[in-house]
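By letter and in written order, the chains are A, B, C and D; residue numbering begins at 1 in each of them.
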Amino acid sequence: MDTTLALVLVLAPFAGFLINVFFGKTLGKSVSGTIGTLSVAVSFVVSLMLFMQVNATKTPIQIALFDWIQVGNFKVDFGFLLDQLSLLWLLFVTGIGSLIHLYSISYMHDDEKMHTFFAYLNLFVFFMITLVVGSNLLIMFIGWEGVGLCSYLLIGFWYKNQEYNDAAKKAFIMNRIGDLGLLIGIFILGAAFSTVDFATLKTALETSNSVNPNWIVLAALALFIGACGKSAQIPLYTWLPDAMAGPTPVSALIHAATMVTAGIFMVTRMNFLFSLTPEVQTIIAVIGAATALVAATIALVQNDIKKVLAYSTVSQLGLMFLALGCGAYQVAVFHVITHAFFKACLFLGSGSVIHALHGEQDMRRMGGLKKVMPITYITMLISSLAISGIFPLAGFWSKDEILMTAFHHNIALWVIGSIASIMTAFYMFRLMFLTFWKDFRGTEEQKHHLHESPKLITIPLIILAILAAIGGAINLPGNAWLNHYLAPLFSVAHQEHVLGTTEYMLMGIALAGGIIGIAIAYMKYAKQGQLPEEDAQITGFSKVLYDKYYVDEVYEFLFVKPINALSRFFRDYIETAVSGFVFGLGKATMVLGAQGRKVQNGNIGLYLFFFVLGVIAIISYLFLAQ
Amino acid sequence: MNTLIALVGLGVLCLLFEIINLRKLLVPATILGLLGVLALTVSEYNMPGSYYGNMIAVNAFSVSFSSLFIVLTIFLIALSHNFYESHQSKLSDFIAIKIFLLSGAVAMVSFGNLAMFFLGIEVLSISLYILAASSRLNLKSNEAGMKYFLLGSFASGIILFGICMIYGAMGTFDTTEIAELSRSAELPIWFPIGIALVTIGMFFKIAAVPFHFWAPDVYEGSPALTTATMSTLAKVTAMATLFKLLTAMNAEISYQYQIVVVIVSMASMTVGNIMALKQANVKRMLAFSGISHAGYMLMTLLSTNNSAGNLLYYAAAYSLSGIAAFAVILYVCKNRDNEDIVNFHGLGKTNPLLAAILTGALLSMAGIPIFAGFFAKLTLFSQTIQAGYLVLVIVAVVNSIISVGYYFKLILAMYTKEADKARTGTPVLIYGVAIVSILLNLALGLFPSLVMDLLG
Amino acid sequence: MDVIYLLVLLLVGALATYLSGDKLASKVALLFSLGAFGYSLYLLNLLEAGVNLDYTAAWITKPNIAFALKTDGLAMAMLLLTTALTPMIVFSGFGNDYKNARSIYALILFMSFAMAGTFLAADGLLYYIFWELALIPIYFIALLWGNGDAEERKKAVLKFFIYTLGGSLFMLTGFVYLYLQAGSFLLTDLYQLRLSCAQQFWIFMAFFLAYAIKIPIIPFHTWQAKVYQKAPTVGTMLLSGIMLKMGLYSVLRWQLPIAPLAAKGHQYVLIGLSVAGVIYGSIVALRQKDLKKLLAYSSLAHVGLIAAGAYTLTLDGLRGAVLQMIAHGFTVVGLFFVAEIIFRRYETRLIAEMGGIRQQTPKFTSMFLLLVLASVALPSTFNFVGEFTVLYSLFQVNLGFAILGGLTIILGAYYMLKMFQHAMLGEVNAKPFADVTFNEGLLLVLIVAVLFFFGLYSKPITDLISPSIENILIHINR
Amino acid sequence: MNNILNHIGIENYIFLSVILFCIGVFGVLYRRNAIIVFMSIEIMLNAVNLLFVAFSTYHQDAQGQVFVFFSMAVAAAEVAVGLAILVSIFRNLGSIDIDNLKKLKG
């Protein structure tokens, strides 16, 4: 029964994918979209059923299908593990996935390749589910690379534009850098413990002390590199902003709500490993905090509505890693969920705006939309408040937990996190004011076509906005359902924060920070009506921020250019030299042959001379030399 | 012994055929006769004996090699029909000379006395002088004949001197007696000097470096069929004779002597192969290739007590592929001014069968498997490594690689260039010789034991 | 005895194809190659049932050479690779109108015969003969039906021939030396030899020359790119799909068990060289303008990894190498076929002259993309199974090797996606691109299906090869 | 005869023959007229013949002298062929200088 359910869960989106690939064109756009949505919805329902079951029984479901890979000292099953963590993840992956599929039916309706889009989207959900339910690191790795592939496909969905294709390629390759790390981590664990299965690995790690601790540290580090790649942390974060080249639902689903959280999922999954390695945890916390800050600063000055959201995502992911680094896995998971709600909502809302403006993404060309698009405006406003950490919306609770954890861990981390939060509030409301307030700044023609989006777009927005508003309820301080639910996963029991003065003070500071950020944005953009400068006029530090600290350029200069130069050098010189050497041997022989012909000059006298010389040489060697 | 007599008789008969105006029957009759002789020879395989006061000593070695020579001669005579089409009146002369040449060759491998050896080699050489210069009005042919004659008689002088020294040392020409005497402790220095001089003379005959200079010129200048004779029959005869000389007289092969052989062998391979790379004339190229093969065959001298079978095999493999190659060359270059590679352009399209045969022959010479040439080299290498000359084998291997360069030059020309002039006619005998010889070569390649086991 | 029929079938097939005339040749060749595939499946059945398929007959007494064939799991796997790819390669030629078709198809079957023989032979000399025999057909295929400037092609092909022949002659010398020690060329006898360290070193080097050129391992690879580029696609497929594997297979079958001490003593050098090939090949592939050359360098990188796996001398390394050989065989045949499909329509192999094809032929694009993904070893493709196992074995030797070898994951994705992007994506190409024909599509689907099926379920192959690999390891670690 | 050998010693015969032989060799090497080259070769052969006879006496064995007849006969036959070739060269070329024979080379 469980096996069947699990298979339905996994294969439903895959079936949707197959149908859309093979029959999508003939079925027509609406049918293809419906099938895509339904297949994910089926998964959602099944995950809900399984979730109920596990929530009640408290026993994870384990399913082994068949042997997949066998290496020397261990065998890898093709199997699923449905425990509290994976089911939780499944719920919001399939849930939000269904909503975004629904949204896409309308959003992509004008695209000629809508069925392809749904096929990719379904495939993504399939791989994401595989990633989540895999019972061992390698099955997870299938999903891990699979979602990377889908991300590649969807970022480059409009493949006629080579810049989009570049972005897609960049995303895939940067992910692969992380994947190599993950793979190395798998090797280390596999070699050390003869298994990569989560359950057995956990017991092995907890009981075995024969393994060199350095290896364990290395493994944790390697896995974290993998997480960095997928979850866009420093130094592998630059692909995510570029990934905004894909259609907006994709950004919402993959690059905000689900795929990019895979890193957090993996670290949480492997918490028993990371808990053993405080050094690595510190690294994670520092990198998380740094990413949160750096991305937030960049987001301050971006003018592309999706870019702002993208950097915001990177920044929020940084906060989650900060929590992970502090060992507060539940907190990170909590933020993942709330973030999924409000960030998906924000992306979809921005999609709605872009849709209304026929593809315009530059906030300098927007403004005044709140009158024409009230639903979009209100839902986005709720989400913005949530992400800014305004009481009592979901973001307040989760972010507050993170900051509180950081505060108890290290005050510097808390400071950084708080600054990032203030900035978040600022740039989010900068976005809101620029987009929805004041007057419209676009062309007349755009103005003429302005309209609120259709139902299929607004309904998901509304649902997500509601979730963003009340999502915090799952883990309120004092009634931490999530903490209890996840507790069986962690060997170290989570210390709940006792709500004392410090805690209330911290909450207050966080709330105040959010309000300050909003206030500054209000002063600047709503009250004074400032507009960001045109690209050419940006100067000073803003320019550095606007150009993203030139990190892309630095990478280009440090890695891409040298590799390409090396490639050209190898191709033009080394290859020529090596093959020239081989050819040279042949040529030298040929030259020898040509020169030798001159000796053979046809003169009998010479021939006789050599003859006699030969005779003398042989005779004297044989008889005179002794 | 009967072989020799029968051959001489056959030669005389050939001359008589002309007198009694049976020219048309000449070639088939001679071939039949040779087949008869072949049967006669083979029947002596199990009857070793010596005749005429050990002038002629028949044993497995002589029978096997004689049979090989007879087979080669059959092919050569079959090719004569087409080759001498425009000199019908002299056909019987040429064929008779070839038969006499064969008798010289047979004498060279079945001698029991140095006098017989000397006579054999002179009969062979004089016949070849005549054949080389046989295209009377062609200056190239004249020049080839003259060069061959001058250098050949010079070499004969050296051989004669060598024989004289051996005689001086031993007081006899009889190889059996010499072999016995050579076991005695005290040998006059003249004996090894004599052996060395005779060896040098034979180096000349097999065209080993540095006594090889005549070969390319003579091969190029001589009529193609004569070249075929020289490069197949004459070369393997000389090699077999050298081998036989050393074994029959039980000459203790000293270390220094072996070094000489090794150096000459290396030099022959290397010079032959490198010089062949830049040749445009196919006959000349094959001359150099022949020089390199002489180098390979010399390797058998390093372990004389068990390499007779290998030598026979190598000789057979080399000469059969040579015959196949020359059959194609004769066809392609008929009525052409020269034998340049240009003539072979496009053969792969116009005559795929002949092109394939020539390819096979060249592959065999290059030592590519399933052709006999491969096994020949294999056993040679194996034996030489066993004898402890690994360096020589490595040089030989490197040379095999070089040799592919020019063999494939010809193959490339056949398959990748466009033909300039169409060739007409399908002369049955040429096709027959080419096919039979390449098939024999293949058969030897697949079942080397057939030949290898003849001589233990 | 049964194995011989397979060889006979292929040989007769070659002959029948030649005799059937230009019109029928391709069909006859397909028929025979499919027959051979079917027959090898039957053999596989027998083998699984525990029937001993080894065959030994006396052939030549002096030197002592036997006609010995050994059909263990490893040989069987390679045999299946050969017989499965041959019909595909023949089939891929259906869309081409070859001059003198009967010859080329006969040569393909003949080459398949020789390669099958190489994989089966259990006598050193028999093995060598098949090994050389496989060289001749590919020489002519590349020479006569190749493309590009004739003079340059001749040069490239001749260089290839001389180079590989040169290498193998050294191997032959090695065999002769072994023969003098063992008194026979039989694999089993050679396995029993106990050579000294120095002897093993020289034998190893003699073999290494042959294999390093064939595989190729840098810096012996210079023949490869030019020949791949100049040969007709069927030839390139034969070369890259099967012939390269001859070298790799020989490393496992002959080189390592006969000279294990040398392999152990110089393990780091060998793995280092192979891994250097991975990185070098990947980097050079990055800036190639010609699609086939790019694939050639990618092949260089992949086989480098396979060789590295083999030289780890671990169970995983050897097994991963075999898995990866099979996976790479199918992938590379598919990719070269893709290049051919594009060439049939655009008459070019320059990536710069392609682009914008996706819009015109989505099905073809999907197939191409799947092959690209297989080539970069996406999990769930067969390539991943192989690559993972090999990298894992490298890790067992040294973490550094695993990381350096693992760079293939990144660099491979880089050059393959870059190529895919410029060949297929972008603004719609002005030149029309006819959709793939049924035949072309069928072949691509078949290859992709194989790769994904075994990617998810590699157990049959693993079970097939494991016992024989363990056996080889016993000889290595004796 | 024996006495003479005893008096003079076989070595001296050998030296004489070698000197004669070398004269022949030098003749072949240095002269360009084909006829003279032929004659030089004859000197070489006859030097050997002389030695044969000497050895024959030395060994008290007739075989050596018989061999001389063989060698003389063969030499005659050889020269006959050589002269025939020379005649046709003279007809074609109008000269018997062997330095003119340089058409075949390379």
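Structure notes:
We adopt the following convention: a contact is a pair of C-beta atoms (placed from the backbone, for glycine too) under 8 Å apart; a residue touches a chain by one contact, two chains touch by 3 or more.
The model shown is predicted, which means the values in this text are computed figures rather than measured ones.
Here B-C and B-D were compared by C-beta pairs in contact; the pair with more is B-D. The chain closest to the protein's centre is C, with centres computed as averages of CA atoms.
Distance from the subunit C centre to the subunit D centre is 66 Å, each centre being the mean of its Cα atoms.
Chain centres here are Cα averages; for subunit B and subunit C they lie 43 Å apart. With centres defined as mean CA coordinates, subunit D is found 27 Å away from subunit B. We define each chain's centre as the mean of its Cα atoms; on that basis subunit A and subunit D are separated by 98 Å.
Across the assembly, subunit B contributes 146-147, 150, 154, 216-217, 405 as residues in contact with two or more other chains.
Shared interface positions of subunit C, i.e. residues touching 2 or more other chains, are given as 162. Multi-chain contact residues of subunit A (touching two or more other chains): 586, 597, 600, 602, 604, 608.
You'll find the chains touch as A-B, A-C, A-D, B-C, B-D. Remark: subunit A residues 597, 600-605, 608-609, 612 touch subunit D in the complex.
The touching residues of subunit D, when paired with subunit A in their complex, are 25, 28-29, 32, 98-99, 101-106. Chain contact summary for the complex, subunit D toward subunit B: residues 10, 14, 17, 21, 24-25, 28, 34, 37, 41, 44-45, 47-48, 51-52, 55, 58-59, 61, 63-64, 66-67, 70-71, 74, 77-78, 81-82, 84-86, 88-89, 92-93, 98, 101, 103-106. By the touch criterion stated above, subunit B contacts subunit D in their complex at residues 115, 118-119, 122, 125-126, 129-130, 133, 136-137, 139-140, 142-147, 149-150, 153-154, 156-157, 160-161, 163-164, 167-168, 171-173, 190, 216-218, 220-221, 279, 284.
Interface residues of subunit B, counted against subunit C in their complex, comprise 309, 363, 368-370, 374, 378-379, 381-382, 385-386, 390, 393-394, 397-398, 400-401, 404-405, 408, 412, 415-416, 447-449, 452-453.
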